[in-house]
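Structure below; questions to follow.
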Amino acid sequence: MQKIKIGIIGATGYTGLELARILSGHPGVSIEIITSESYTGKKFSEIHPSLRGIVDDTLQSIKDLNKTPVDVVFLALPHGVSMNFVKEHGYDKYKVIDLSGDFRLPDAKVYKQWYGKDHVIPEAIQDAVFGLPELFGEEIKNAHLIANPGCYPTSCILPMAPLVKNNLIDANSLVFDSKSGVTGAGAKAKETTHFPNTNDNFKAYGLFSHRHTPEIQNVISTFSNAAANVLFTPHLLPLDRGILTTAYAVPTTAKSREEYKDCLATFYKNKPFVQVVDTPPAIKEVRGSNFCKLFVDFDERTNRVVTVSVIDNLVKGAAGQAVQNMNLACGLDESTGLMTPPLAP
Amino acid sequence: MQKIKIGIIGATGYTGLELARILSGHPGVSIEIITSESYTGKKFSEIHPSLRGIVDDTLQSIKDLNKTPVDVVFLALPHGVSMNFVKEHGYDKYKVIDLSGDFRLPDAKVYKQWYGKDHVIPEAIQDAVFGLPELFGEEIKNAHLIANPGCYPTSCILPMAPLVKNNLIDANSLVFDSKSGVTGAGAKAKETTHFPNTNDNFKAYGLFSHRHTPEIQNVISTFSNAAANVLFTPHLLPLDRGILTTAYAVPTTAKSREEYKDCLATFYKNKPFVQVVDTPPAIKEVRGSNFCKLFVDFDERTNRVVTVSVIDNLVKGAAGQAVQNMNLACGLDESTGLMTPPLAP
Amino acid sequence: MQKIKIGIIGATGYTGLELARILSGHPGVSIEIITSESYTGKKFSEIHPSLRGIVDDTLQSIKDLNKTPVDVVFLALPHGVSMNFVKEHGYDKYKVIDLSGDFRLPDAKVYKQWYGKDHVIPEAIQDAVFGLPELFGEEIKNAHLIANPGCYPTSCILPMAPLVKNNLIDANSLVFDSKSGVTGAGAKAKETTHFPNTNDNFKAYGLFSHRHTPEIQNVISTFSNAAANVLFTPHLLPLDRGILTTAYAVPTTAKSREEYKDCLATFYKNKPFVQVVDTPPAIKEVRGSNFCKLFVDFDERTNRVVTVSVIDNLVKGAAGQAVQNMNLACGLDESTGLMTPPLAP
Amino acid sequence: MQKIKIGIIGATGYTGLELARILSGHPGVSIEIITSESYTGKKFSEIHPSLRGIVDDTLQSIKDLNKTPVDVVFLALPHGVSMNFVKEHGYDKYKVIDLSGDFRLPDAKVYKQWYGKDHVIPEAIQDAVFGLPELFGEEIKNAHLIANPGCYPTSCILPMAPLVKNNLIDANSLVFDSKSGVTGAGAKAKETTHFPNTNDNFKAYGLFSHRHTPEIQNVISTFSNAAANVLFTPHLLPLDRGILTTAYAVPTTAKSREEYKDCLATFYKNKPFVQVVDTPPAIKEVRGSNFCKLFVDFDERTNRVVTVSVIDNLVKGAAGQAVQNMNLACGLDESTGLMTPPLAP
């Protein structure tokens, strides 16, 4: 079988690293080009020594992409930079999977509201498919531009979208209390990610203003019969990888854990990466893997539904999900190259 | 001035260690006896090498207490054991400050419901004062039996009780999402606290069933005009000390951050250990200290009030608060011996 | 091609877990039986939820091994228990790869001296091959009983054995200062591995008395022209996986970094898992992988050779190396199923 | 008694923070001025929120020092900047305690060799006293310029200087394998201290070239009868505070642990901050305190002496030791304001 030809645009961040790590073991692809404007000419493994002997490709410039035949391009670029790439290169010569936030929101107006800048190619937003395969698998198969979801939204939407869709909860009552590892803040050293500021520490940040809020809200509203306002609070955990989201909702009619669990179990029946489990899952159970574990419970005393979900923010929350999208968009089995077990402990 | 004579009953756990650490620097007390049934005859600092040269007292048996004149006894015992001590020794010869859960709930019936056993001295529950000095300072001054609050309840009640009292929020809408360090689980090695099970990991536990729930609910109901049902979800953080609680409520009339902040600032105006701050506080800002930092905000979009509070679970959540209670009960200034700054980073 | 039939004896520890994790992705094997006497009848993934959906085999008893045709048996048992298994079952029906310390030392006398007990099958010690493939690959190919090396010895021997063999250093001057993650202490909760005793902490232990000492010394002496006494100091790092060993030696004739580096580079030229690198490697660069990175330098001022080596103690230090040994002993390419990249960050 | 008037020059780093934390509880001092050129006009506690309510002084400029009468000035400045301060301000108007490396080495030549720049006030080097109170207490009492030792040197010199002085070990055989927490790298975010690069990680750095090497070597040589070359290898631990140094030496005549232990115990008999202990100490036993714990052992098999020492790098390794020096230089008891117990766990 012919291998799918891959380009990775942006090599120095964590999503670039993870794409390389995952794709290096994928049986159906060949990495044709990895770009970095700041490290052009260096080996990938000089920047990321953990992949020494595995991904030793020389980093090229984005300009070299035109000379390189590729089938799929992953954009591991900051938001704002991605949309410029799409504006310049389009998404007809190859499929584009964008890991930034540039094409995840419903329109340019909402984009401006949360990202504070004008979108440079608003018409592409309509073409973009939100790349959450368990919810939009069919659309992804035919997509040419895929907006890979944010890490937090993946962890928030997966447990709650089926409950909203089946009218088991009041979408407007949703509160997402999310806790993320530090890699979610990127590979660049900042004051907030300085080890002594993070180790043995824990804090909330971005209250009411985090850019993943409209992303969650948009998908939840899609599955609801009316626009929903959801509350999202991110926190920074003293660990590398992983997001755990505890979500709270007021139930509608159903009044037992079984009804909620059945709803999730049915919805995710044939989905290889979503596991509905019977005890609250821990972050480390999915570390390094593309799995998402979901737990749901109902409390009669306070009349609340609570879900707990865990993912690895760099895998199911970013690069793994991007490869899952690529598999679907290229006609491969969804799980090809992605069944690596979690690394625990 | 004559020193207050202290007994510490139970030396091997973290609360015993913290009581010794704090009281060793307290100018108004003298530790007369520290007991441990399992290590009788050993030096305290053999069990806790961090206090070598500081607390080298020989551990005695509880039986030696009768021969030792003391003014205040701290019970650093497991729940169930504390109430037996109180049954046997009473609380008239000396003031008793109990750090277990045995005297925190409103009555023996609720105790049995959440702790699964009969209370051995139900009449003492009525005499016990809930030792949260910022809320019950006057009662504490005259108390003979003080039920030192749980660590989680301290972090949940302090931000929300004033808002409930002033009718600014609907008490029945309260959701407490709490995250605690591992010392909250005690000094004894368990599977859940085995380093590789906790490091780089994060999980929820005790959903709907944690014993601190009725403690929170009882105090919140006291400040509310009606019985309130509150939802409490504890999580285990990969760090040693500290609790951060993110709490969510539906507002009643007030619709601005200022109104909520003013309510808290007024309530805690002359309280030396509660600081109302303008950015969400981090756990490490209070580590090793008796301080509690509170943050409150109002989100117009979702119509929610959110508070973030941090304490050190072993200090303001246990031993420090116990010493604060002792100060009040013995006529000292509330903050005597407790102004040690946090250790950060 | 026919799959190699595998038995894993001992499922509950970290080496059992890692064997299952690695072998689940190995293209040339089929796991026929996994045993656990304490959890017989339960699913493997109930004990190790990270492998849910990947290794869901029902745990059997060791007694079921006789009914199960296998080609290779991995013993993931404590020392003392392994030798009893070998005494009872032998190593002629299938190849045995033992991950305990029972067959690593030169004879029963040394075993008794360091392990404090009589060896139950001393004659098997002579048959056992020390399973360090980069040093004893040829012997391993024909071995029926393989003593998989200890984690510390792997990290100590790989950098220094080539230098000793080539007479570049004085073997008697060797000092190994090793630092290990907590998984090296096993899956069972102990006081020393209680999270608050380990987190943000660091200590030396087992000075002069650690059982890996004679293992290191025996192999170093084999490569030296005379018996060598080596000093080994283990330390406990506040992290899960990985060993870093800093080793010190007095040089003989060579007086430049290049000579030492060339020696290592030549020795490990065609070895897929050993990388000789130009800057001191970090533990995370090999986490989750079977790689070992080696660095060597020479200090003219103090006339010393220093090496720094890193491995993942559970992979190259245990289960990965065991699978590498299996590959060799079964005629497969050494690296089959083992090229999973490290998980970093 | 009149309070000693203090100036802290340099507020934003960890040593500035620790000086403020420690001095805020010191009964014999009053902080007259804290300076920061980058944050002039802000409150100290805005930069360091852990000291909110404790040190709320407004930060001033260095220029304001001339208008402020002080008895002692602490320089919490980077090396290179400190010597310029001393050149400009001298050390006759007030005593100067410098926490940088500018006055620790024997002369300007060695300074240039290791720090790569010319010393601007070489004559002051001769006036400076090396501020290790347990070794140079008498000189410190009369000093006007005190070079506060580096954190690593404190942990290396304390265990080995007495053994060298008493000719129990060969000074030229000394190898110091040191492991430090991340605060040793300063408060500024860097790539090496980015949380995901440090957490769950461990590495050696600065081999043969770390600037603390000549500082250790100089003091060891002072206590030896001949110039000694010592080998020093620093490593970066995934924790905030603390240094553990494992040191190796070849013994001369003494051949028992007792002889070595007696030597240390006698040497440090009346020193309040040095404890000679019987089991290898852990970093957390001294966290947040000015204590140093020392362990020594002798191995007959390999003929080596090994010491293990632990300190908090920010306290006994920096700010605490500086206050100890101030106490001595101002005629106070050495331990005034410094007996705060360690914070463990």
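Read from first to last, the chains carry the letters A, B, C and D; within each, the first residue is number 1.
Please note the rule applied: contacts are C-beta pairs under 8 Å (C-beta built on N, C-alpha and C of every residue); 3 or more make two chains touch, one makes a residue touch a chain.
Since this is a predicted model, take the numbers as computed values, not measurements.
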item: Chain of greatest Cα-centre distance to chain C; value: B
item: Chain pair showing more contacts of the two, B-D and C-D; value: C-D
item: Rounded Å distance, chain A centre to chain D centre (Cα mean); value: 46
item: Chain C-chain D separation of Cα centroids, rounded to whole Å; value: 39
item: Computed distance of Cα centres, chain D from chain B, in Å; value: 37
item: Chain B: positions in contact with at least two other chains; value: 14, 183, 196-197, 199-200, 238-241, 281-282, 284, 287, 345
item: Chain B-facing residues of chain D, complex; value: 14, 17, 21, 24-25, 48-55, 183, 199-200, 240-241, 272, 275, 277, 281-282, 284-288, 291, 293, 339-345
item: Complex contact set, residues of chain A against chain B; value: 175, 177, 179, 196-197, 199-205, 207-208, 229-231, 233, 235, 237-242, 244, 246, 248, 280-284, 287, 297, 299, 301-302, 304, 306, 308, 345
item: Partner chain B, residues of chain C touching it in the complex; value: 14, 182-183, 187-191, 193-200, 238-240
